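The following pair of complexes shares a single chain, chain A, combined with chain B in the former and chain C in the latter.
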Partner chain A sequence: MSAQPRTPATRGIAFDVGSAAAEFARGAWELYSVFARTLYFIAKGKREKGATAAQMYAIGNKSLAFMTITMGFIGMIMVYQAGLQTQRILPDFTLLGATFLELLVRDLAASIGALMLATRVGAGIAAEIGSMVVTEQIDALRMCAADPIDFLVKPRFLASLVMTTALIVWAGAVAFAAGGATAYFAFDVPWRTFANLQLVDAGDLITGLTKCVAYGGAIPIISAYCGLSTFGGSEGVGWATTRAVVSSSLAIIALNFFISAAALVVFPK
Partner chain B sequence: MTTTQPAARATKLFAAAGASFLSAAETAGGMGVLFGRVLVRMFPPRVDRGELRRNLYKMSVKSVPIVIVTALFTGAIMVIQAAPIVKRLGAEGLVGWAAGFGTLREIAPLLTALMISGRVGANNTAELGTMVVTDQIDALRALAIDPISFLVLPRFISITITLLVMTIYADALALFGATYASRALIGVEPQAFVHGLTGGLLGFGDVANGLLKSVVFGLVIALASCHFGLSTTGGAPGVGKSVNATVVASAAGIFVLDYFVSFLLG
Partner chain C sequence: MSGGQERSIEVKVGVLILVSLAILVGFVLVMSGVNFERKYTVFVDFENPGGLQTGAPVRIAGVKVGAVEELQFRGGEVDATTGRRTLVRAKLSLQQKVQSAIHDDADFYVTTQGVLGEQFLAVEPGTPSHPVLDPARTIPRGIGPPRIDLFLAKAYELLDMTVTGLRNNQDLVKDIATNTAGLLEGLNGSVKDNRERITRIMQNLEQLSLEASTLARDARGKYVDNPKIDRTIDNIDKLTGDLQRDSGPLLKDAKEAMANVNRASATVGDAEGQAKLKKTLGDVSELATRANAMAGDAQQIVSHIKKGNGTVGALVMDEEMYDDLQELARDLKHNPWKFFWKN
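Presenting the complex of A and B:
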């Protein structure tokens, strides 16, 4: 290279790609660090009475109505579309309910439910922690010798692990009931034919529950990381919230792909 | 709490139900009024060209990476989920059709809308909300610039166009991802997959169905994000709350309208 001083105009594409990669690697490392510290404080941290329960209420109970409505509609839409799809090939609806239930247990309940939770819970966590950062409450916590990870992230993580699983089980039940009603009214499938458990096996159940735990852990960690890295006033809080929703959703879609592919290998049909 | 009489508890329940109903009605009314104001300025269109171009760039071009990632993974997941069903029927030539049907009609528009709602809708609320809490909207009014035609209308048009274009893009990418995922994961050759897609069981109607949905979703995201952005109060925490309200309202609106549009189109 010549000794010419580099100006922004001559940086070129290699600079852009390199700085994006470095940025990504730094983000991934910090995310991992938040996760590792959360696990550390679960084992070693101070126990604050009622903090996890309060978060469970905020994450779980307050999301119940939202989850019920969205997953009810998802159940109706999916059965309606699947019914239309079946109608075009062979009008035989006897396995509609069984197939839907299998799909719901293995994938849809966990993945769509977690996408909903990522928008509600993820945005909530990032907005709350981000506001605390810009109003310097996090620094105040540090001054009081309370680690923000121990005090803020740990209860949210534990609460989300439990409540995501609970909400997804509930959401799956709602979606199945709504689907059964749609099958009855749109395609005249009786409830007894629809509620057919024969296709659900242990592999499906294990896959679904693995997804619940993975998503339940990923959402609070990613959102808390986005919240903690907020800077710059009210616009920063908005940015952090946006980033939390987008990153959690992308993480869910990527995790879904890897867990589903692994399940295809481990539990072949 | 311990000494609450049953009657008082019932009153509290009714009060809570009434309050949440009132707030839902207020939101719906606010969105309706905003939609009316936007429509009035749409005919004839009085829109700031520079602002429209800036927003289109910021919303569409900058969303391309997340749409690529989402669509490729979604296509692959559709194949993984369709595989056992297709194998059970012993019709592996149909995997293209099975994955394509779900992708084009439902999953691609839905997931694209959720991602765009998270990225664009939330960002839009944050931007408008920040303008509100720093009194920039009042400054616009003081300069006799109409905030609706200067700020809201360009965003409205941009979000709707963004979602339509991104859904077309996501349809193509998801099918591409599905084609190669089916070869890698269940051993269906790309030719067989594409034959399943184009063999006559899928028509333009299925694509149009998905695209029409994406326009409806775009309107929902635009309305929710502009409404909650403009009704922000209370500094930085207020902006966070508005963004949260936007993503929740958009997601709920997307699912509810998805059902009605699916049912109406049949």
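Presenting the complex of A and C:
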């Protein structure tokens, strides 16, 4: 998969808009193609023993420390800032924990956690596959009748689906615990008051888990597509990595918007 | 990748997945309020339960004892159990252990946690002297939350009326404002012109208040804190105590006396009795006259005696005779033989 050469023509706004739209449509189609083929190979592909477990370890366990630290700090910062605003306006901290937990479960744990994962996992996938493209290992795979989607993307996709969800659940718990400690030390809010689940309902939990699965699927697919569409040398790999992180982050934010809107319709507040 | 290393990776991955799964399951269990305590159901009718939602907690004195299980819209039908029109009926699931604490005069009201918190149902358990609420027979009427929306609507209406009234009566308002301004101006001038007199009046008032204070203090010393007053009050207290104690017997005696008088009056009530009484009184009067005369005679005799007239008078009043008699008695005492023999 390489970029199509641009045909020389009379340049103008219409040409630029049309060219961008065509490129976007082609990219979207190729992305969809990667996704569809991944689903196809999950159902019909070869099962390579240990490949998915290895990817789960690489995506999940190796990201554990990174996720714990970042989400712990994010939990502390968010509760501290929210507590300062609460102190200024209300000042009643009774529902500080309950509100934070609702936001965390419905949105923030999944979205911020996925953004963190996109920087680490997405970049890793894009760089790995991109390097294989520029070193013609992908072509070698094709020559051996091994589809790179089946061989490379499918295990990463499956591993990411499971481990993104697991990591986000863990990271959410860490963020809440860190937030509780901040609330206790900064605003004297007891843990029993902070750990208030009354604002969280099944709709929030289902929305949060849906986002986990959606982000877990989107990151490897987008990153793999960016890796597979690498061209040039090591500079191309760099660009592929950057594109993977940016595109994954954009996809996470766009998915967040659509899933939140759908949740608002399905689980009205 | 060797077999051992592969197994090690799988174990690590499995541990992470299991930990996350445990967190998720634990969270779901805590969130859904899973506990194995026995529950019972109470229905409460509301006119308007406000923002109360299904699943909202039910609290007694801030402690969660159950949840709102269902909110049924009854549409104002007359209920056969209560005989009243019901718009909304809430089905509450409460812990069995609190049943004995909720009496049939308990209040169920919708309130809010914190300033902007979610609404919940609070229960004031009622007075212990009342019987325990029997949910099968009694469906209490709940108290809805304060209607801020209604208040705002009314306030808006009032404000609108005020603004319209002011707008339609601008001339009148202007006149009132002008007159008020003139009045204030006149008042201000008057105050300025009579500043000295006002100051004097104020000084007099101050002096008066000082004197009144002194007077009150003196009066207190004289009439309130005076020990005499205390003693007098004690005496009155004692007297009234005695009166209270003795009034019973006194009253009894008085009653007896009155009974006697009644009996006497009954005795002399008829004409014959009155005639007898009149005759007796005449006899008594005559007897008294005679006694009086006798007393006069006796007085006369005594005065004769006092004067020393007659034998008894001489005997009593003449000292010489008394001395002679005394000497005679002494002589007879020493010489008793003189009774029988004269020398």
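Here is the rule we use: the second predicted complex is superposed on the first by the 259 of 269 C-alpha atoms of A that agree within 3 Å, B and C clash if a C-alpha of one lies under 4 Å from a C-alpha of the other, contacts with A are read in each partner's own complex, and residues count from 1 in each chain.
Everything below uses one rule, namely that contacts are C-beta pairs under 8 Å (C-beta built on N, C-alpha and C of every residue); 3 or more make two chains touch, one makes a residue touch a chain.
This structure is a prediction, so every number in the text was calculated from the model and none was measured.
Student: Does chain C touch more residues of chain A than chain B does, or is it the other way round?
Tutor: B
Student: Output check: A:144 vs chain B and chain C. Expected answer is one of first, second, both, neither. What do you get?
Tutor: neither
Student: Quick check for you: in the superposed arrangement, does A:43 touch first (chain B), second (chain C), both or neither?
Tutor: In the superposed model, A:43 contacts neither chain B nor chain C.
Student: Between chain B and chain C, whom does A:241 touch in the aligned arrangement: first, second, both, or neither?
Tutor: A:241 contacts chain B only, not chain C.
Student: Mind working out whether A:14 is in touch with chain B, chain C, both or neither, as first, second, both or neither?
Tutor: In the superposed model, A:14 contacts neither chain B nor chain C.
Student: Could you list which residues of chain A make contact with chain B in one structure and with chain C in the other?
Tutor: In the superposed arrangement, which is not itself an observed complex, chain A uses no residue for both chain B and chain C.
Student: Mind pulling up the chain B residues that touch chain A in the complex?
Tutor: 66, 69-70, 73-74, 76-77, 80-81, 83-85, 87-88, 94, 98, 101-102, 105-106, 111, 114-115, 117-119, 122-123, 125-127, 129-130, 133-134, 185, 201, 235-241, 243-244, 247-248, 250-252, 255-256, 258-259, 262-263, 266
Student: Using the touch definition up top, name the residues of chain C that touch chain A in the complex.
Tutor: Touching chain A from chain C are residues 1, 6, 9-10, 12-13, 16-17, 19-21, 23-24, 27-28, 30-32, 55, 57, 113-118.
Student: Where on chain A does chain C make contact in their complex?
Tutor: Within the complex, chain A touches chain C at residues 50, 53-54, 56-57, 60-61, 64, 90, 92, 94-95, 162-163, 165-167, 169-170, 173, 197-202, 205.
Student: Going by the contact rule at the top, pick out the chain A residues touching chain B in the complex.
Tutor: Within the complex, chain A contacts chain B at residues 66, 69-70, 73-74, 76-78, 80-81, 84-85, 88-89, 99, 102-103, 106-107, 111, 115-116, 118-120, 123-124, 126-128, 130-131, 134-135, 233-242, 245-246, 249-250, 253-254, 256-257, 260-261, 264, 269.
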